[in-house]
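Common to both upcoming complexes is chain A, partnered first by chain B, then by chain C.
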Partner chain A sequence: MRWLGSLHAEWTKLRTLPSTWWLLAATVVLTAALGAAAASSVTTRICPTPCNADTTKLTLSGVQLSQAICLVLGALSIGAEYSTGTIRTTLTAMPGRWRVLTSKAAVLSLLTAVAGAVGVLSSLGLARLILPTPPDGALLRPATGSILILVLVTLLGLSLATLLRDTAGSITLGLGILYVVPILSHLVNSPTWQHRLQRWAPMPAGLSIQATKNLGALAIAPWPGLGVLAAYAVGLLGAGGVWFRLRDA
Partner chain B sequence: MTAPTRTPAPYRSALHPARAGFGRLMRAEWTKFWTVRAWLLVLGMAAVVVVGISQMGASGSVTGGGPPIVLGPGGEVVNDSFRFTHRSLTGDGTLTVRVTGLKSNDGEALEPWAKAGIIVKSSLKQGSAYAAVVATPGHGVRMQWDFTHDTAGPSSDLGKAPQWLRLKRLGGKLTGYASVDGEKWTQLGEVGVGGLGRTVQVGLLLGTPDHEVVQRSFGGTSARSGRTTVTGTFDHLTLQGTSTGAGWTSTDIGAAGADDPNAGNVPPNTTQVSPTGTYTLTGQGDIAPQENSPDLVQMGFQGVFVGLLFMTALGTLFVSTEYKRGLIRTTFTATPSRLKVLAAKATVIAAITFTTGLLATAVGFTWAQRTLRSNGFKPPEFPDLSLLENPSLRAVVGSAALLSLVAVLALSIGVVLRNSAGTIATVVVLVVLPQILSFAFPLPAAQWLLRVTPAAAFAIEQGKKYYPQVQHNCLPENGCYPLTPYNGLAVLVAYTLAALLLAAWTVRRRDA
Partner chain C sequence: MWDVPLASLSMSDASIEVRDLRKRFGRTLAVDGLSFRVEPGTVTGFVGPNGAGKSTTMRSLLGLDTPDEGRALIGGRPYHALRTPLLEVGALLDAAALHPARRGRDHLRWLANSHGLPMRRVDEVLEQVGMEQAARRRAGGYSLGMRQRLGIAAALLGDPAVLLLDEPVNGLDPEGIQWIRALLRHLATEGRAILVSSHLMSELEDTADHLVVIGRGRLIADTAVADLLAAASGDRVRLRTSSRTEAMELLAREGGTVAVVDRDLLTVTGLPAERVVELLSVSRVPFAEVGAHRASLEEAYMELTRDAVEFTSTPAGTDEVNR
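This part shows the complex of A and B:
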């Protein structure tokens, strides 16, 4: 009953913020739009039948844009409480801090999972219409994996904001993890560092779940790759929870 | 009767209202910046990170053990291998020939830069000075000299009609001509080639660059290059001048030695002369600058990708915290002219981030170069780069400008959005995401992204010169940007200016 109460409270807080719905809508639209744009950049000249390129991964590249929005959503859900002082009201009403954090995480995960599912399924559907040769092979792993990426990135945003208690800082740090590390993993001229980053940094590793072809060339296998991202998100959430308990609000 | 009351004169500032001290406004903004300790910390971290990441990238890069390199007369790394049917020429002279055909021996399409023509070369040594007039399948008739220079001639097609070529030597001056009938000649250019002795080697040149196949399965790239062989036919070969040699002899310039493992796969090149004076040559190789070596300048700037995150945060917070805390109302009360406030804010943040960025890129670049030197990137293949000369100077100052432009872009978007979360996410997505997508997208889409988004600005870090007379695949994952350095930076400037205008418009229109 107490759990239901705290879940309900978090749901009300999220539901009544217009920004939540804007961000979720943007997640759906941008996932599908970028996916469709990526699919339409494939021509029969680049990708003749049978096409060796990984078109499934390409159509799911919308996730790389919408993950930024999920990060913002996660970070705002607690960062905004800190900046406006609502956190003190929240903790007065619900003194169990672990419960507050887990309820937040649960409600956020659910919302992101739904928005992510709609976005990922629409980009796959659009790709079927656009691509000269529709993607073949198993779609289940890349599709569920992409939704899980969005959920985990939201949790990453939540945990960073819990740790830093500051929206701007946590978003900057989160975007660095999501975007800058993958760039370095491509452009750093050292093969050792490239391999290390692609294997152990959350983002290149997590995105390996989207690969459907040429799996042998991946630095880390799909599910273990997603596991790396999950380890970062859950680990940071745990660390955030510990700090959250130890510190004053 | 009432006593006259005295009202004191109201206070008026001595400053002219229209020029109410832009300098003071800047000082106010500067005070707002430096008194926030966290921002100074972020600024310092940005500098440390730019230097540190660049150093990390440099220390992991090692080179050595490649094939021996050939240096051209200008000190640049070149390819110099081709089929050369030649004789010596002492003093002045004129070489004329008609190229009648060029075809591939491997069934593949001809490389656009395959070359059949005539050359005056200072010696048979690889990398020696030369001037040549060649017919190419894809780029018409060209006059080329000393590897790096190239002038276009008539764009006639060898496949349709034979092409007459002529090269005249007069001391150190070489003049190239082209003609369709052997009677009316068009001058292509007159060039001075240094390093030509009194006796030079002149004759027929035949070569074709390696055929490169890039398999780019959206992320995983594999480039395969294969040697191709071409056959060229020539007739009406005449040389006017003093030649001491007995006649025409043939040499494969830069031929694979006996110890070369590839030598066995390559069929021997031939030169056949028919009784009617038709020369049929088979050959391979190329005489052009070599562009495969890594870009040593760019390798010293990998930290900029991380540094720009910090600059984005600073630019955003510089305005978004004023909105959050309500300080913006105080600011606008003190200075009612909002555009002036915006201008002062933009100037201050631009100056701060540029200065810090310049310090960081200069130190980072110099240190990275030193590390790269000790990792085997040594002259002559990688000449020493001076910080105060282009392309290093351009890359160092340009990267600092990039960092500062990103901060101003963030400031402007922050004025429009008035919250930090949305602004930071927008700017990072605009500047960094296209770069990531370019690794994953098909090549045309990837290059389009790197042309029209602010990510084009990273081209300013490039130090390598790409010659138009060399066919190359510009792959984003190799750090190649489709725009030239300055044009790339100009794209970011355009975005920043547009955002500033939008900010100016909204800040005037809206309540604070």
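This part shows the complex of A and C:
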């Protein structure tokens, strides 16, 4: 019963802020629009029939940007509680700190999953209209994987903001982890290190779930790759939870 | 939706107890071995200058801060042991703690949801604090007084037997101050235990039955307001007269100690009021008013803290030496 109460409270908190809905709408639009734009860039010249390019991955490339919105959504959900001071109200109503954090995580996951599903399905639908040879075959793994990426990045934002107790700081750190590490991998000269960064940095590893062609060339296989991102999100959420429990509010 | 009976902590169990509480933040000792108890049916004023440790004590009672030593109990139990905390303790810590983009009513809604309270209860407390209209607006546009009212509504939501209010009078207009005084008196007569902190003693005049005065994290006084006022008032008599010099000479000759308060106002010690009237009448010294002097709470507080200064100044001194 107490869990139901916490979940209900966190759901009401999220849904009564206009920013939640703006961010979720932006996730859908960015995912679909960028996917459609990427799909329109495909011409028969670079992709003759039969096409060798991974059009599924291309169609879902909007996720690479819309995940940043999810990071913000996750970070705001607890960062704003610290900046406004409502975290104390939350903890007097729900003194179980793990319960608060997991309820937030559950509600955020559900909302992001729904928005992600709408975005991903729209991308695939638009691609069918745009592409000369629409993505076919095994769409289930890249599609559900893309939704899971968005959910995990939201949790990453929540974890970082729980650890840092600061929205701006956690978003900056989160963007760094997501985007700067892959850029670094292009800057290092050593192929060994390039390979390692592609394998263990959360974003490149997670995005391998979208690949449908030439899987042998991937630095990490699709599901293990998503597992790397999940390990970051869940590991940091656990660390955030321990820290949340131990510190004075 | 499930229904939770209101007031799960019965009024007779309503108590707040702090025992040997100690809490250090870095080098500052915020609370230093504090003990006191708040009984049901009383409004206890929790007074001390800013930084005396009032908020830390309240946060410890609410399970937000973990004390280094000692216990902070509500109805004999630590906060985290309460199954339905909002039904047992109502707290107002920081009225400004509202998300500016959330409507006031929605703030109460999520609190109600956390305990499965019906929405009817949200509307009831909003009506009780006079915020039915304003609660439809986003909290970013609220005045401090409106935030205080919403915070009090949140504290009352679960109809709790124990109330902890940190500086609830701050930011209220005179009408609001009257309102909250009446409300607190009313809530206490219902048998609730109420702890109200303030850094201004005058705010608690006519509201508090009991006072817990702290300074630098230590207890300075734990006393009934009536006793404190009686002690501070002493056996002084107030006398208003236009013939100040004559009256002073006469009363001093008869063994009174006379002090000048104002141009036509004197206080007399050592003579009962009837004797003063008798002496003045016999000697035909005109006077307008004679009565027992009643000290204000502020005066009593000043007297109290004056004695406590030496006692409280040591901890900071040792801190400086340790650096």
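FYI, the second predicted complex is superposed on the first by the 248 of 249 C-alpha atoms of A that agree within 3 Å, B and C clash if a C-alpha of one lies under 4 Å from a C-alpha of the other, contacts with A are read in each partner's own complex, and residues count from 1 in each chain.
In this section, contacts are C-beta pairs under 8 Å (C-beta built on N, C-alpha and C of every residue); 3 or more make two chains touch, one makes a residue touch a chain.
Values in this document were obtained by computation on a predicted structure and should not be read as measured data.
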Fit or clash between chain C and chain B when superposed on chain A: fit
Contacts of A:Leu187 with chain B and chain C, given as first, second, both or neither: first
Chain B, chain C and vertex chain A (Cα centres) - angle in steps of 10°: 120
Touched partner set for A:Ala249, first chain B, second chain C, both or neither: second
Partner chain(s) touched by A:Ala9 [first = chain B, second = chain C, both, neither]: second
Chain B versus chain C as contact partner of A:Thr92, first or second or both or neither: second
First (chain B), second (chain C), both or neither touched by A:Thr167: first
Chain B versus chain C as contact partner of A:Pro18, first or second or both or neither: second
Superposed arrangement (fit on chain A Cα atoms) - minimum chain B/chain C Cα distance in Å: 11
Parts of chain C lying in touch with chain A, wherever the complex brings them together: 2, 59, 62-66, 79-80, 82-83, 85-86, 89, 91, 93-94, 96-103, 106, 109-111, 113-116, 154
Chain A-touching residues of chain B, taken from the complex the two chains share: 53, 56-62, 215, 217-220, 294, 299, 302, 305-306, 309-310, 312-313, 316-317, 320, 324, 420-422, 424-425, 428-429, 432-433, 435-437, 439-445, 477, 479
Chain A to chain B touching residues, read off their complex: 38, 41-43, 46-47, 52-55, 57-58, 61, 64-65, 68-69, 71-72, 75-76, 79, 83, 167-169, 171-172, 175-176, 179-180, 182-184, 186-193, 213-214, 217
Interface residues, chain A side, partner chain C - complex: 1-2, 4-6, 8-13, 16-19, 80-81, 84-86, 88-89, 91-96, 248-249
